[in-house]
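The letters A, B, C and D name the chains in turn, as written, and every chain counts its residues from 1.
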């Protein structure tokens, strides 16, 4: 059985937020991505971890969106696919930036979460599971995989009221 | 088998905080106490629920501390015990206020949590379990039950560095 | 946003086993599939539930394998895809039976679990998540989706030592 | 803050059963007690672990009940309390055996579970929490702490229909 070599870029976002007892808030300090990965049975992929940053995407600069996009495109040349864990608020900015900068030779799949992994009611494991499967099944291109659907960039936006991603009707 | 009639006063605090997807913060809006109670097997007590308020104890006024104290003392006359779920930051203020206002005829046990029930790593269930058992075993008086220990008022303070309650060494 | 109409056939297996306190064993009595579905955010599919049976696949008769296969092929004519929840021990028997009986007009994806949903360490949610995503992404045919990989029938067998499915090297 | 020195004797039972993927059954092989202890915040006690055996109590011999009883009585001389984790089916046999063999100088509290720790719906953490608190609050004697009640031996029996312990009405 040959496993696909996948690069997993982590950038932070709600999915990786942990709870600080003293301040009583959820913030991006330590990555819980490895805990999540350990809880899944991954027979299809062999993962290379790339920890690029760990921040709320609302605080990302234009340079950081570009850095993530360029890193993903470069890794897509040497891997069978790339998964990016990203804050949902600016996930679409990074998705469109990748499309602007190049045409990837392998699938690049972004994902995130509306509720941190630390919560009982998290959607983090579902979304990470979906991204790690979708990256094996779709054709080269840029996608978001989350909440049981895979959408292709460009033309993807976050619907704040629904708390998920949709195709831009415009 | 006779079950002890216990009054359970909820006032809010970290233990009851839930996650708001839109704002991304943990806040006191709906009570998760009933969900917690449903997950426990309670053979020893018969609970009367008294929802007094649902707020972060840092925002409690002096009048509210007095209201909680008076309510607890009144309920202690008609019940075999009283449990109060309370924010930990000002839990000791309410505990000392009860002691100032009267001598209860039944045990009054305060409890809370450092990490909300909604978190995987919560201490809420442990502390609620302990309060509901301690109230059956201790003599009339005012106590905090949390983190595997029962401490009697007066002279109890929150140790912020340890994230728990201790006897005031002063 | 148009959601794909998916038929979800449940047949039992480890994934649906629940714990009986009196006998102390895990068995197939009530379906926990609806609890699992409620814990996922399903934006891509609209599910029609078909509860065919609830049994350990080791106890399935040849007639029952055929019944499942015929039901799946029939439902594949009226739906955009079919997911079958199945015990892993005989999952490959049903998969091959479908291939023998016809060529589906839509994807048919089988899945199951090595550890029941009731266990903390279950793989049930991961596998159900994968089946419900794969059925939207693959071409018409018969597959198993589990443990982060999607394998196409025929030629799929359960590797008992690994506790997962692999392509038959023969 | 002085923590009470407590001996924790583990003997097996449902509370410690783990799942074997190959056979599909829950059995006593490895102890999950340390995992449970790590998930609790224990400020009141300092625990000495004594792993005596790990078996279903239905398989305990008379000699084994006596061994547990004698071990508990001996440890009660050097500790502020003793907690025994035990299968519920024969828990009362061991409880009565301790009472027959001696009068402990410290509280001895037995506990167990109806549903293994490995299950989402376990009562193991609740019962362990209760035993570790009760042992600090009750007077010297032999007790079972479980399901929010503390009952004193002799005269305690398991009510199989209720799935809990009660005082023998006889």
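In the analysis below, a contact is a pair of C-beta atoms (placed from the backbone, for glycine too) under 8 Å apart; a residue touches a chain by one contact, two chains touch by 3 or more.
Just so we're clear, the structure is a prediction, and the values are computed from it rather than from any experiment.
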| query | Which chain is most remote from subunit C in terms of Cα centres? | reply | B
| query | Using the average of all C-alpha atoms in each chain as its centre, how far is it in Å between subunit B and subunit D? | reply | 27
| field | Centre-to-centre distance between subunit D and subunit C (centres being mean Cα positions), rounded to whole Å | value | 40
| Rounded Å distance between subunit A and subunit D, as computed from the means of their C-alpha atoms | 46
| query | Counting only residues that touch at least 2 other chains, which ones in subunit C make the list? | reply | none
| note | Chains touch in the following pairs A-B, A-C, B-D, C-D
| query | Where on subunit B is subunit A touching in the complex? | reply | 14, 19, 21-22, 24-26, 114-116, 118-121, 160, 163
| note | subunit D contacts subunit B in the complex at 1, 40-45, 123, 125-126, 129-130, 132-134, 136-138, 145, 147-150, 164, 166-167
